[in-house]
Amino acid sequence: MKKKITRMQFTARQICEVINGKLEGNPEAIVSKLSKIEESDNSSLTFISNPKYETYAESVTAAVLIVNESLAVSSKQVQAVIRVADPYSCLSKLLDVYSQAGQGKQEVAEWCHVGKDTILGNNVSIADFVYIGKNAKIGNNVTLYPHVYVGDECEIGDDTILYSGVKVYPRCVIGKRTIIHSGAVIGADGFGFAPQADGTFQKIQHVGNVVVGNDVEIGANTCVDKATLGSTLIKDGVKLDNLIQIAHNVEVGENTVMAALAGVSGSTKIGKNNMVGGQAGITGHLVIADGTKIQAQAAVIKNIDTPNKGFSGTPAVDAREHYRQLAALKQLPDLIKKIAQLEKKING
Amino acid sequence: MKKKITRMQFTARQICEVINGKLEGNPEAIVSKLSKIEESDNSSLTFISNPKYETYAESVTAAVLIVNESLAVSSKQVQAVIRVADPYSCLSKLLDVYSQAGQGKQEVAEWCHVGKDTILGNNVSIADFVYIGKNAKIGNNVTLYPHVYVGDECEIGDDTILYSGVKVYPRCVIGKRTIIHSGAVIGADGFGFAPQADGTFQKIQHVGNVVVGNDVEIGANTCVDKATLGSTLIKDGVKLDNLIQIAHNVEVGENTVMAALAGVSGSTKIGKNNMVGGQAGITGHLVIADGTKIQAQAAVIKNIDTPNKGFSGTPAVDAREHYRQLAALKQLPDLIKKIAQLEKKING
Amino acid sequence: MKKKITRMQFTARQICEVINGKLEGNPEAIVSKLSKIEESDNSSLTFISNPKYETYAESVTAAVLIVNESLAVSSKQVQAVIRVADPYSCLSKLLDVYSQAGQGKQEVAEWCHVGKDTILGNNVSIADFVYIGKNAKIGNNVTLYPHVYVGDECEIGDDTILYSGVKVYPRCVIGKRTIIHSGAVIGADGFGFAPQADGTFQKIQHVGNVVVGNDVEIGANTCVDKATLGSTLIKDGVKLDNLIQIAHNVEVGENTVMAALAGVSGSTKIGKNNMVGGQAGITGHLVIADGTKIQAQAAVIKNIDTPNKGFSGTPAVDAREHYRQLAALKQLPDLIKKIAQLEKKING
């Protein structure tokens, strides 16, 4: 079902933007290779800079022909002409883009959808049933497993792996060397609604996105919602386990790790190098200091200002204080009996 | 990958049901337009009501021809004949259905599976890799993102959006203007098993469904299980955050909101305008009054009869009582010391 | 979209392994039926054992021809020759494999990806947009709904159902009569990272797998991570509800049931016939005795050695002890007042 292909596809419009020229003809003409003027065909990008080749302007076949600002192009086999001050100097710029985006071997399956103007890096591997929207940018060596969805205008950094069924909503950005496991959802709408007088709720539109850093790992079925405005941030080196909820506008600092089923409510900022236990919760609009350790099933409901401290309990308190309370609670049933005896003694 | 198409497809059998006629010929004959008898072709639905057109019965070409109960149809180019008392009066009924289901522009991708006898509304947008089963009904202006699965006999209301990877099991019903985020699963089997003498469990078949109301929003990777019998109900205006579990036969009342990672066990009825905090749990077979506020990580294990009250703790109690207990618990370590001193004094 | 096909496909190499022969010619030659030498064609597996048929070696057409160790095969229409000591005795072995894997009716959709050397059992049903990797083995009567992903070298046992969107990572094994609901992820990487001096974490590769037993049911969006080494084990008869986290190297004993949103950390061994409540957590590296009942939202942080006991609370203690503490806690606010009065009396 898969075939190795070499795909280097740009539209005339994309090329025109890169070299900042003036476009004539079909802006959607598709170029899949760079050719010398004498070898150009209908999928070629070629150019005329040296006057001795100007006669080709009458006969050349090309998808896109780059010429200077005045040369008349009478050939009917040219789909688009881009005019620039100096065609030759544009070449190195184009060669850079070409070498970055177009020369590698790509393994792109037959049944995958790659939207218009989406750029695929070198050596990408895209499986059957992958859907990539429009204007997206897939970096070099990216691996997209079956049933991955990447929305319009997303960017996926080099060497990143999205396992089967990962969903990335439009306009989200994923860093380099990041791994996202099956079923994780990046960029769903935040849970924000304005209560109305009649008891209903009006949806607050979320126009932000999610930005995931480099060297991040996100577990299976974990959800990171997009920001209302701006970005929900998962910083470099963060490791999120499975089934975690990260709400809109949250920021998770570098190298913080979170265990499964933990949840963070909207707009909370978690520092660097935090460790958050499984099923722990952190309410919204808090700031949590660097190096904080939050134990499993704890519920943090206040800011944590001092770094490198441990917290546990619901609501979470200093972990040692919490252990003291738990130890005291254990003695409580006996204590109640003892007090009854004391009372008897006193009252007679 | 996408193409604008105008699709109005009905089978002879579907049309026959609408007008309650008697079918002769091929019940699967497919009609894609309504034509005057003199312009009919092999994908047309046409009819003869006026006697002056009866000679067409010998020569007309049609997918489906509607005639009165006695007219002999000798043309070999008619795939199916439907006989009714009054062909003309059936027309307005058919025009209604036609105008509702068939005239709009639809954007249906190339690689999507639409099962037999499924009706697509006007102006639907169906992406690549969407799978819709048989006998389903997709309303007007519905948007189905890539990798959506809609099982056999489901109904999706007008203006509803299912984001990439939403799964709706067969026979479930989703209302109008409802939004369901990626990875949410509607209608999986409830978790019900009959314990056997040997320690194993026998699966209890779940033959019910899920009915989701209008103006509902369901978060990413949230699960709503189908009922054993009858329906699990998510009423109008309900907002469910990500990663929530709603078990079989639960009822969630109008405009109730629930935060992420909350869970509701089987057969519990939650009133209107409840607010359920993150990671809160509600056990099975309970009734929760309208306007109840359940705090994050609380565990409700008893009915709540009085409306508009707050609950917290595991197990949940009145929220103010819970705070009093927490405040007292804080004092407990010191209290233990104090009692030891008192004891010494008394006994000492 | 679906078509009934009879598919029995083996490569010469696969056949050669089964009968332990010596292969000449194309190891990828594909056989789709077993034929008598006189009826053989270019998709046939056939053989010469009786000397009176040896002249066919000059003229026969076959995908794979099995002969003894010395017979010269001069036909150019034979794609692969397998030499064995006794061709006839190899036949019964091949017939066994053939009857198990090849004769049934299969319903395989048009748009599904079945990787190389994957064997499909009899009477499988594979929907559109299913992706099965290479060298996998799909048992008889298996049903794979749309958007299922089954990685390379997985094995799926007879009569098992994977609902829409289930993801099974490479090399995992699923038993017989097992049901896995939509969105469940089997075999994602365990959450294991080695902390580095600079605060970053280095990923620990997980080279193990998940082995799910027979008669298991796994709920929607539940995650079972693969082992670092060896296997994460979900034993026969286990029932897992929705949105559960089972970490790497965990073992869940026979007929244990777990309610939604529960989580088990790495390397914990849970006994048989346990009942784990919703949102309960069990930390890592523990051993839990058979017949243990863990209540909803409990957090088990120590081994449980005695079977058939109940536990609740965070951290979990014996359930009756926990109720005693909760009852005492209820009295605590009043107790504090009483002690203040006693103190006054004594000191005052």
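The letters A, B and C name the chains in turn, as written, and every chain counts its residues from 1.
The rule is short, and it goes like this: contacts are C-beta pairs under 8 Å (C-beta built on N, C-alpha and C of every residue); 3 or more make two chains touch, one makes a residue touch a chain.
In this text the structure is predicted, and so the values were computed from the model without any measurement.
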item: Chain contact graph, described as a line, ring, star, complete graph or other shape; value: complete
item: Proportion of interface numbers common to chain B and chain C (over half same, under half different); value: different
item: For chain B paired with chain C, centre-to-centre distance based on mean C-alpha positions, whole Å; value: 30
item: Interface hub residues of chain B, defined as touching at least two other chains; value: 111, 129, 147, 165, 183, 221, 243, 261, 279, 297, 314, 329, 332, 335, 339, 342, 346
item: Contact set on chain B toward chain C in their complex; value: 111, 113, 115, 129, 131, 147, 149, 151, 165, 167, 169, 183, 185, 188-189, 191, 193, 199-201, 203, 221, 223, 225, 243, 245, 247, 261, 263, 265, 279, 281, 283, 297, 299, 301, 314-315, 324-325, 327-329, 331-332, 335, 338-339, 342, 345-346
item: Chain A residues within the chain C interface of the complex; value: 1, 109, 111, 127-129, 145-147, 163-165, 179, 181-183, 215, 217, 219-221, 237, 239, 241-243, 254-255, 257, 259-261, 272-273, 278-279, 296-297, 314, 326, 329-330, 332-333, 335-336, 339, 342-343, 346
